[in-house]
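The first chain written gets the first letter, and so on, giving A, B, C and D; residue counts start at 1 in each chain.
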Amino acid sequence: MAVLLLAEVTGGELAMDATAKAVTAAQALGDVTVLAAGASAAAAGDAAAKIAGVSKVLVAEDASLGHRLAEPTAALIASLAGDYEHIVAPATTDAKNILPRVAALLDVMIISDATAVVDGATFERPIYAGNAIQTMKSSDAKKVITFRTANFDAAGEGGSASVETISAADNPGLSEWVENKVAKSDRPELTSAGIVVSGGRGVGSEEDFALIETLADKLGAAVGASRAAVDSGYAANDLQVGQTGKVVAPELYVAVGISGAIQHLAGMKDSKVIVAINKDEEAPIFQVADFGLVADLFDAVPELTQKL
Amino acid sequence: MDLEFNETELAFRDEVRAFMRSELPEDISRKVISGNELTRDDYMRWQAILNAKGWLATTWEEEYGGPGWDAVQRHIFSEESALHGAPRMPPFGLAMMGPVLIKFGTEEQKSTLLPRILDGSDWWCQGFSEPGAGSDLASMKMRAERDGDEYVLNGQKTWTTLGQYANKIFCLVRTASEGKPQASISFLLVDLDTPGVEMRPIRLIDGGYEVNEVFFTDVRVPVENLVGNENEGWTIAKYLLTHERTNIAGVGFSIMDLERYKTLAQEIKRDGMQLSDHPIYAARAAAIEADLEALRITNLRILAETRDGSAGGVGSSMLKLKGTQVRQELQDLYRSAIGPRAATLSSGLSHNEMSVPYDAGQAAQVYFLHRKLSIFGGSNEIQRNIVAKEMFRD
Amino acid sequence: MDFNLSEDHQLLSNTLNRFLGDNYDIEKRNEAGFTAPYHLQDMWNGLAELGVIGALVSEEKGGFGGSAEDISVVFEELGRSLCVEPMLGTLLALRVLSDHGQDERVEQIISGESRAALAVYEPNMSCDLSAMEATAVEQDGVWRLNGRKSAIYGAPGSDFVVVAAKTESGTGLFFLENPVLICAAMVDGGGVADLVMENTAAECLALDAETSLTSALDLGRIALCAEAVGAMSALQDLTVDYLKQRKQFGTTLSSFQALQHRAVNMQIEIEQCRSIVISAVGQFGQPGGERNVSMAKNLIGRAGRLMSEESIQLHGGIGMTWEYPGAHFAKRLVMIDHQLGDQNDHAMRLIATGAKQLVD
Amino acid sequence: MKALVPVKRVIDYNVKVRVKADGSGVDLANVKMSMNPFDEIAVEEAIRLKEAGKVDEIVAVSIGVKQAQETLRTALAMGADRAILVVATDDVHADIEPLAVAKILKAIVDEEQPGLVLCGKQAIDNDMNATGQMLSALLGWSQATFASEVDVEGNSAKITREVDGGLQTISVKMPAIVTVDLRLNEPRYASLPNIMKAKKKPLDEKSAADYGVDVSPRLEVVKTEEPAQRAAGITVGSVDELIEKLKEAGAV
């Protein structure tokens, strides 16, 4: 019972949080081999080898594997698939791009965004924006799964897995990377942050979104936003928390001026502690909040920032 | 959007109509339309006619002697029955006992009891309610203690409709003393001529005799009379009560009643004014007519949902609620239309002596009797609870 | 027997639902509905572009629909978002214009280029056209109108008004460009006007248009009833949500049986109203179909008041505030009864049209 | 160039989903159904490409129950030229898995030879996010997921993708599969004249068997449950009280 886990590698570096959480999920299925693939991936492979519970690391370095283009990476994974019963990854946008392609190459179904492992063939996953949880049993010989990291604890460090270098598969040459526009930020990454402060339509403007950012910086938190705030242009696309955006589960989630549409709740309701600040006492967000403050955010947020 | 029945359904309706016109005895329909009590013989005559046609047990599968109708056909049949003044056949054997036996009975029970329902050998009555358990049926108390191959029954049942005509009763009995109240109830069949069974009439508000109370003192019943397993009675009772109830809205009855009122309103004068021209009466009748037309369509809409397999349970609750409101409103309108003569008990005068149409003399009594509509079959408040539960579900 | 909307109607309903949902929130609506010209020109243009105005007239008359069902689909959606756009007045005017060969004017109205209203009602008249007092007399080849018209829906800001007035041959229709109107907002938002005519010169469209007028008014009634059903379901959603959320005595209002039962009664009446609209739509144009229209208007009048009063009561104080959307739905549902004949007028019409044979 | 747009009939975005009491799935009885919102964006993008002269025919495809015909009419009313309905089940509760959908789509692509397939990035019912990627693998075509900008130029297309941490632009060879994200465009409303015109546009009905694809599921649904509810929280009266409670909870 062997598991191949696609490590999350960005610019040659291992995204430790996402990868370590997926390792926890994968350990329930069998012996975990991590694949670190990229234009440069050796350092990421070494880092993955130190995750407790990883028994082997494969490092594939090739220019074609840079920027996570789906076709060459999927071809590589499919070529390795013979040795593994499970092929898994953290449910990042990269893995969501690649793993369904792998599954189709192997003629099996994908199980995306799994939130729990019942047994080697049976998994739980949310459907309808988290309004229902489905338990699914796979009849495929190989299971291809992405795990929603918000639902698993990160595996610890202290492993010492062997590292083996392998070569890339043939690059079909169907697509090329052009450029990245990465939001530069010193703040923690949204999906792995311990604290998230999110703003909604109630914040009212792009300028006033600074209120959210100031509070986040005070708390050492990542910044998130509701779809309404993103659509209104107050916040960048990649900050969207919700069904069609990021799913987060930090220790503390502070929702400011967010009414709490079900699609937003789907992205944050697994957070440990939820705080809601909204002037509308009927806002649905209060139904999931541990601590609700009915107040004008323009008074409450600066006060909170100052007193913390 | 299409409000009409399809061609097959229309042909079926015509067939039912022709049957009603040629086969329904006129003396029976007169009684039904005027609200007179039917005798056991009246029911048995109509039952035999329906049985001969194969149209008696409308909800049974064909292999047991049902006609194999779908929901729309059953609706058409019950509407046409009402519109032509056919008796509403007591549901206890045909609509309750039969489906329960088909679903939960042993082969032996099915093969002996089902034919007896059809040919009229058995008239079943219902032993559910007790003096201390009405809408809250799970609080019933009548006990059945196991003694060898027999159960020994002690307790009382009440509101036993037309028990005076019956030879058999199906009862909910308590067969265990522990656990949830719902989990210690069994479904038991009892011959009414068993020693220790005593039936007494309950005279109702209108002076008539329709329901009974039944007393059980050390009544011994063989264990073979159990339906389903011991302590499975609640499941069976729920199945029986939620088993599709056709014609719950009683649209056909109300249409007949409205027609009857309109005829009356053209015959009666009040202070020299034709009642049909009396602005207050006419306005009330107009409002009822609007409500009834809406109800007719609501009924068809819910029927179409049932046919398409997506009806929620709340549909029949809504139909029961509005249907009984409309019917009670009509009884009230009819009663008031009669005027001062409504106060005269009809049994005191022969039809020839009444100056109003022969069937009008009983209007007040029928009005009082029909207060039952919003109480039985799950009171209207219970129906509101059912709808509310669905409405306020998260 | 099929009570589902046809594919086209479902699409039309979806389009309107989304268009109004995206562009027409309650604050915007309240702002527009009480400020002259009591509607939003860009919304009107949007509705014209989507072909919604054309849905009120048949294809042969230059529209895209025109059946009673088309009209009920459109108005139910308008009701759901409490739209104050002058669709009712436009419907009435369009129908009589298209009945009398005014193809060019019909085309202009459908495209949104110009807008018209129909002046029928008078201070002393409700449903019964024979009670009309306004007159039209031809003098030296010019028709002159006298009398006062009231409750001309959608007239403020319209380009012309079609006026009904008594002629020697019956109830005629007259065309009045740039009329001098006494304009006001309605209690529940939207524009309305009175028109005082003193030897006012007008173009004659028809000398006896009673059949056409009655048909147009009946379609208007169906439209109002469908609008009411849309408004009722939106209001019921608000009310049920409120009962589920609002807590008193440590529990949600929805756990109190006294309130549950009232909400259930409301729900049943909505279903009844939906059914009676289906009945009126299905019978429109059939012999006796006007009775179903009157049944609908009568029932909607009674149920609208029930919905309005009960929803306010169930909301408590918040239901009384201008800020709360539910209050405006509640107002609209009562005021619909005042348009094109109320429950009593239609009960009278039912009585007057006599008994219909229910069993054939 | 021909564009193929697969569209799915799903429970309407605004409907509150309810799990059936017996755990067999979600309740779809009397529930409003609509086109998957991401698929609407894909249809809109195809229309815009056609308006820009880069696409000359738009074929909409839906795979599922017969009622999906209504979803295809929506696509036609928006501006698609013709439609193919593949009836793969008559059970409204059955969800055809992305793998089976991708296989049917592959067969249609082989027949239709489009230069571009535009899909929604995920369907809002099963949230699987897989069909486009799977179709791309089966065809051996280039793949660009989560597109927020699509720029077709001759034999290649420049696609900007929404990825973790920002945006990535890639260039793909045509023919390509593009899955679209939320912010690519604002779909238009189907106007009534266009709804009427759509009635006359061709809609072919096929079955899964016509394409020789086995649609039996690989994943068996064991049960469907309501998600765990969060325990009710408390309302605090002031910022000070909030800070105090957060300290008590160890959250700050």
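Note that a residue touches a chain if its C-beta (ideal position, glycine included) is under 8 Å from a C-beta of that chain, and two chains touch if they have at least 3 such contacts.
Per UniProt, the chains are A = Electron transfer flavoprotein subunit alpha; B = Acyl-CoA dehydrogenase; C = Acryloyl-CoA reductase (NADH); D = Electron transfer flavoprotein subunit beta.
Note that the structure is a prediction, hence the values are computed from the model and not measured.
Closest to the middle of the protein, by Cα centroid, lies chain D. Inter-chain contacts peak for the pair A-D, counting C-beta pairs in contact. Centroids of chain A and chain C (each the mean of its C-alpha atoms) stand 52 Å apart. Taking the mean of the C-alpha atoms as each chain's centre, chain C and chain D sit 38 Å apart. Work out the mean CA point of chain B and of chain C, and you get 42 Å between them.
Between the Cα centres of chain A and chain D there is a gap of 21 Å. For chain B, the set of residues that touch two or more other chains is empty.
Those residues of chain A that touch chain D in the complex are listed here as 10, 67, 69-71, 74, 92-94, 96-105, 107-113, 122, 126-140, 172-183, 189, 191, 219, 227, 230-231, 236-238, 243-244, 246, 251-252, 262, 269, 272-275, 281, 286-295, 300, 303-304, 307-308. Those residues of chain B lying in contact with chain C across their complex are 1-6, 9, 72, 83, 255, 258-259, 262, 276, 279, 282-283, 286-287, 289-291, 293-298, 300-301, 303-304, 307, 318, 321-322, 381, 384-385, 387-388, 391-392, 394. Residue ranges on chain D touching chain A, taken from their complex, read 11, 16-17, 19, 26, 38, 97-99, 102, 121-122, 124-138, 140-146, 148, 158, 162-173, 176, 181-183, 217-227, 230, 232-236, 238-240, 242-243, 245-246, 249, 251-252. Taken in their complex, chain C has these residues touching chain B: 1-6, 9, 69, 240, 243-244, 254, 257, 260-261, 263-265, 267-268, 271-276, 278-279, 281-282, 292, 294-296, 298-299, 302, 343-344, 347-348, 350-351, 355, 358-359. Contacts from chain D toward chain C in the complex involve residues 34, 69-70, 73-74, 77, 189-196, 198-199.
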